[in-house]
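Below is one structure, written out as structure tokens, with a few remarks after it.
The first chain written gets the first letter, and so on, giving A, B, C, D, E, F, G, H, I, J, K and L; residue counts start at 1 in each chain.
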Amino acid sequence: MSELSVLVLHGPNLNLLGTREPEVYGSTTLEGINHSLEKEANRLQVTVSCLQSNHEGNLVDAIHNAVFKHRGIVINAGAYTHTSVAIRDAIAGVGIPTVEVHLSNIYRREQFRHHSFIAPVVIGQISGFGSNSYILGLQALVTYLRTEA
Amino acid sequence: MSELSVLVLHGPNLNLLGTREPEVYGSTTLEGINHSLEKEANRLQVTVSCLQSNHEGNLVDAIHNAVFKHRGIVINAGAYTHTSVAIRDAIAGVGIPTVEVHLSNIYRREQFRHHSFIAPVVIGQISGFGSNSYILGLQALVTYLRTEA
Amino acid sequence: MSELSVLVLHGPNLNLLGTREPEVYGSTTLEGINHSLEKEANRLQVTVSCLQSNHEGNLVDAIHNAVFKHRGIVINAGAYTHTSVAIRDAIAGVGIPTVEVHLSNIYRREQFRHHSFIAPVVIGQISGFGSNSYILGLQALVTYLRTEA
Amino acid sequence: MSELSVLVLHGPNLNLLGTREPEVYGSTTLEGINHSLEKEANRLQVTVSCLQSNHEGNLVDAIHNAVFKHRGIVINAGAYTHTSVAIRDAIAGVGIPTVEVHLSNIYRREQFRHHSFIAPVVIGQISGFGSNSYILGLQALVTYLRTEA
Amino acid sequence: MSELSVLVLHGPNLNLLGTREPEVYGSTTLEGINHSLEKEANRLQVTVSCLQSNHEGNLVDAIHNAVFKHRGIVINAGAYTHTSVAIRDAIAGVGIPTVEVHLSNIYRREQFRHHSFIAPVVIGQISGFGSNSYILGLQALVTYLRTEA
Amino acid sequence: MSELSVLVLHGPNLNLLGTREPEVYGSTTLEGINHSLEKEANRLQVTVSCLQSNHEGNLVDAIHNAVFKHRGIVINAGAYTHTSVAIRDAIAGVGIPTVEVHLSNIYRREQFRHHSFIAPVVIGQISGFGSNSYILGLQALVTYLRTEA
Amino acid sequence: MSELSVLVLHGPNLNLLGTREPEVYGSTTLEGINHSLEKEANRLQVTVSCLQSNHEGNLVDAIHNAVFKHRGIVINAGAYTHTSVAIRDAIAGVGIPTVEVHLSNIYRREQFRHHSFIAPVVIGQISGFGSNSYILGLQALVTYLRTEA
Amino acid sequence: MSELSVLVLHGPNLNLLGTREPEVYGSTTLEGINHSLEKEANRLQVTVSCLQSNHEGNLVDAIHNAVFKHRGIVINAGAYTHTSVAIRDAIAGVGIPTVEVHLSNIYRREQFRHHSFIAPVVIGQISGFGSNSYILGLQALVTYLRTEA
Amino acid sequence: MSELSVLVLHGPNLNLLGTREPEVYGSTTLEGINHSLEKEANRLQVTVSCLQSNHEGNLVDAIHNAVFKHRGIVINAGAYTHTSVAIRDAIAGVGIPTVEVHLSNIYRREQFRHHSFIAPVVIGQISGFGSNSYILGLQALVTYLRTEA
Amino acid sequence: MSELSVLVLHGPNLNLLGTREPEVYGSTTLEGINHSLEKEANRLQVTVSCLQSNHEGNLVDAIHNAVFKHRGIVINAGAYTHTSVAIRDAIAGVGIPTVEVHLSNIYRREQFRHHSFIAPVVIGQISGFGSNSYILGLQALVTYLRTEA
Amino acid sequence: MSELSVLVLHGPNLNLLGTREPEVYGSTTLEGINHSLEKEANRLQVTVSCLQSNHEGNLVDAIHNAVFKHRGIVINAGAYTHTSVAIRDAIAGVGIPTVEVHLSNIYRREQFRHHSFIAPVVIGQISGFGSNSYILGLQALVTYLRTEA
Amino acid sequence: MSELSVLVLHGPNLNLLGTREPEVYGSTTLEGINHSLEKEANRLQVTVSCLQSNHEGNLVDAIHNAVFKHRGIVINAGAYTHTSVAIRDAIAGVGIPTVEVHLSNIYRREQFRHHSFIAPVVIGQISGFGSNSYILGLQALVTYLRTEA
């Protein structure tokens, strides 16, 4: 029985995964990550819907549309993490529990990647574990939804 | 006779109005605001066209498209107020008199909301009066267009 | 029947209006502004009392004296907007609903004029519409007092 | 025998005490504080003269006038603590030993209240003990004058 | 024989060229620039494809789509130069040699235009030569591709 | 078969857990967390050793002593996260794969808690999930050690 | 009858008092200060326990150990005032009313001594009165405990 | 024949001159300075009117009142140099040529004295020559008025 | 017919080219660059005079001496780009159209190399194309001189 | 009888005076200024030696060479005012009383011109009076040398 | 005859030397360094006592204990160089001549390692020469003690 | 046998040594320092060539000329330490091992002297030991050249 539906949002350039700067992001493709998430969702008895967009507005729209469809969100906002107040406001606006994940350890990279506009409005942040960041994020979210939300 | 046509632009997340963080934004919906604007436009003998988008690019496009259709713009750019140089350049580029409005008093909120990229290219800014900020903005714009522009 | 009395405070150098830097502040005199405010007050069925001072202490005193006489304040604190914590504390201290107005668009001017010590303790701020900023401020205040206060 | 005369200066808005933001400043009135100071002065065998003003210039004048009348000053410069170089220069100029006091713990409040222009020219600073800050300040000053000055 | 295909990307508001703030950007239209680029491409025996968009996401998509179609990119990201980490990451992600161009000398304009998120991931930057910046950018790119890439 | 031994380090004040500011840190005690970690370690077929200290030097010593005893470290350095270069250097010096965890979402708290001296030398960081941050951290570390280290 | 027990904590280097930089700290020894505090405690009918340590961790431990033994704390954290988040968190964590004292006027010294990590979590701060800062701090604390706590 | 009348304004604490911090300001009294200015005025065939005030508002008023009485202003705004936007705006507002003078070399003193709000609206600034700064300022002003104004 | 004479200025350390840090600056020597410039000048029917100096003052002198000899300047001020106000003022002072070039992409290097004192007074800037930056700079200058100057 | 010899130093680009940016620096040539200085020197019964150089090192050398030849220095270091620690150290090193002058009001110009490395080691600074700044500087220096030095 | 005794203090993580990050710190062990120091001390006819600790408090204690035992201190405070005001105050407090040494060139590393809290209270600083920094530091200290102290 | 030749460079104002600000730089002359260096060079069986210049360009030239003549450089760049990118680039460009020395402890002086442009490109830095800094620098360099270079 899967009572929980979770939206997984991938931000800009994540469609390049597996081809792009493998020394930074690893060799797994986005399809690979989505597949792992579905397997883990199955194990946790929840469902996941995955969506990638390079458009800030699409990500905002997707968060809005989640209101009656999903109980939680796992988001890797990619570059928009550091520049988008709109996505932050969308998450705060819909009030859906959200977990922020990053493939790379953003604190090891350029100074401007150390700041996340999204972090202050999410439950928590997981960064640095490659594609496992998503799996951990899904687990963290499901635990939160089943115990605290 | 209504010689003046005004474009009202609503930025990201404003479609959530009435449902989202009512302690910050009040309980009026965007439809409610648009309806009030139409009523006020009627009283002022002007016409208003309202448009909301979560996409920065759509807002830029809409400003461009206003060139031969509208004599003035009332804009609440929401989160893009603080991050969009593109919208600023669009307003400066088309040269249409514009008034910037905000529902909440942005100077009471987080530090990053105190800076507006748009403010230096508009006639003036009105913030903090809830949905009345729009009505005041429309009045300010119409007075400006009828006396100074 | 005019149940509402409003105090209008003009800060330093506003007595020079109409003679001083007309390319920044326009050609209307302070008397002209006060006259327009009285006319608008009449239309809104409220009363206004106008006071100008170049002395920070006088403005603080005037705010204190408003406690049992006025229901709201419209203030253009001029240069003290950017330097006076005392006026900010006076407004917060008396708890009278206040609207901040500016003739010029302060975000188009020197960097030090972009910061207002007063903004975080008022209902809202209106800047850039010349003498019309006062009229809009009075309307905003009256609407606020009649609906929310 | 009371050989020591002390000037107590209260800065802007302190006349509102007891009515204003009681959650920040407590419910004691300025008269109450002055009365407590007189009682304590009596116990310490000194005299106190208390003066409140909302005018920066008046406070500067009062510090100048203290030269041949008072041996020490207890000052709560209120908002001018954070903005007045003139009061700082007055204290440094007359060379009268001075103690700075604050009702609230200024380090718990807004960032701009953490800086005092006055602190570097006084003996010491006492903040956060409500009206007791004044009593402690008077004691500190008298001890200083009797042992070190 | 034209072995090299180059993508030319124009960012937000560049569709207004020739109509907008001519004292800053000159009177040439975007079509004019594209036409000049085609002529120059012909001379250099390469092909160019030009694309303008006001949408950050479209520009990111276009960079992704260039992977198997183009050998190099000339980009004037306009306002997104200063705010878009997403476009920076797209350029770095696809690994296509890119030249950044600007019509105006961005170092003569507002402080916020002096910083480019894109500059650290491109071969080089050319700014200030009006529409000639594009021609020089194309030449620079072609020389680079023929000698170093 | 448990081939992996993991050191869990708790920094200053974490011994107060369950009694201290429960609105920030929840009601679980440190013993409770250690117990959960042991259970999870059992499930993952690894062993954990837990150590808490309020002394920066002890934490440095413990990291040094881990060299021949442990394959990985999970650390919640508490307040030392933001002030200790010594712990950072210890982690970098011993070269043991380390995961940084935090009970609370440090990006929702005071500005000085947003910076971690430790983050740039660890695999990744997990913050905001209460005591579950530790469990997720242990899982992340074990996955890392079994697949990448 | 002495119902109140107070812990007095002296931070690093205060054991040097009376020998070290007398032009900054005066000639009183730490024993002298402790003796004066005991005398004053006697007068106030409270008891004091004094402890000095050069170890940040010891000070944190001492604050924790105070939980069931002391009703209030007077702390001069010395150099740790400016660098220790751990001591700040300990004070906030145990919830024991605390007064911060300093021998010298820290606002007359180097810039880095103007900031106290401890100030925002204590009742109030007293600085600049030499060893009398401790006596005043004890009085302030006792008054607070007898009237407000 | 004295066609030119010059207003000399002395800001806060300058009435203390000759008694106050002689190592910084020298031993000349304000009367001495005014007397020297009158003698120099006589030599230059102009008249001077001198005015000192500790009140920012009085200085603003005096600048306003100068409009039809004086052709130029020499101002030593003392502490208000560094904090008063109101005096700056008054000088800019009346449009009377003004010279800024300082007794001490303000660039040798505290950092906050290096910035003058007044400097950008005056003809020029003279600082560091003791009371001679005023004489030089008067000469500079008269030369300016006779040749350029 | 060569009506245009162009001065090419090479700043400090550029005489080391070809021997120095080839991974940053390439292996071309300064003579090689000058030779290429002469060839290109020939093609463009202009003349170039090249001068290298490690002395800031020599570069200033050379710019002054260009007044009646050259119609334009191509300058790679090397390290002085980031520290010399004197060269900036010389360029602005003589009013000769100037193009700034850099071998390396200065935005990929240390933070202090991102700022150019010269950029705001030149027509435009070209950086990152190795010795081709000079060729492009010469072309850009000649086009400018033939069409706009 | 002329007992005093004064060195007048002109920094970089001042040889362009009269030809360069007359709206900023006026139309007087350097020869004109030197001539006026000689006339004034004659009146004051001192001698002046004038020297201009675009080389920082020459200015340092000239200051050193002044040691046994001149009793005072008037310096307009031009662009080196803002960048040269070497000239500052030379002035401080030789210990010759020096007056700093500027033709333009440096506080009205770009932000980087507001800071002078030289100001803290000179007697005083005079800026904004065109060539009269030099005359005033010479007078100030001579008065200083005759009364205080 | 060895009249001079010198304390050598090694801060946190220096016990790892020879094993830790050899590309930064070299392959010499701490024992190796101490041995070299003893040999050099022998040559210089002084004695050295070496002590390493990872505890800030221990280093402070050791400095205090040096008062009657040692005439000088050579300190490599490691990570505490950048964070410890307590060690700075201990050095200033005991008044023992101290030399600061670093194995690596701290100005080549992360920004936060460029600042030393200790540097302003020591005789001098030596950094970048590997274990030879200690030998040079000992020589510098002994020369200082024999000639200047 | 002296196989090593070392260049010693003295920057601006060092020719004044022994006459200038002896409280900062001591009473030794530059000749005295050079003489000591020669003696020490003799002892170390190397040769030294000493050169002083007040001209940044001369120092750059001297570094270039060292390429085939010297194996190492000891440099006290004086004021240019803090302002010269050209000298930094020269040192990095020629690739000759260099040691940076300072007579005074630059970290005890003005803030702007704490930053060295040269430090990141040298082996190491020695500051604060008066003329002994040079002797230590020479020793450090020779040891480096004989063991590591």
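Heads up, the rule we're going with is that contacts are C-beta pairs under 8 Å (C-beta built on N, C-alpha and C of every residue); 3 or more make two chains touch, one makes a residue touch a chain.
All of these numbers come straight from a predicted model, not from anything done at the bench.
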Problem - From the options F-G, B-E or E-I, the pair that copies H-J, where over half of the contact pairs coincide - result: E-I
Completion exercise
Per the C-alpha centroid definition, the whole-Å distance linking subunit C and subunit I comes out as 55
Fill in the blank from the handout: In whole angstrom, the CA-centroid distance of subunit C from subunit J equals 48
Fill in the blank from the handout: Touching two or more other chains in subunit B are residues 55-58, 83
Handout entry: Set of all touching chain pairs, with the criterion as stated earlier
Key = A-B, A-E, A-F, B-C, B-E, C-D, C-H, D-G, D-H, E-I, F-G, F-K, G-K, H-J, I-J, I-L, J-L, K-L
Fill in the blank from the handout: In the complex, the residues of subunit L that touch subunit K are 105, 107-108, 114-116, 119-120, 122-130, 132-133, 136, 139-140, 143-144, 148
Problem - Contact footprint of subunit D on subunit H as seen in their complex - result: 11-13, 15-16, 19-21, 53-58, 78-80, 82-83, 112-113
Handout entry: subunit H contact footprint on subunit D (complex, rising order)
Key = 55-58, 60-61, 64, 83-86, 88-90, 92-95, 117
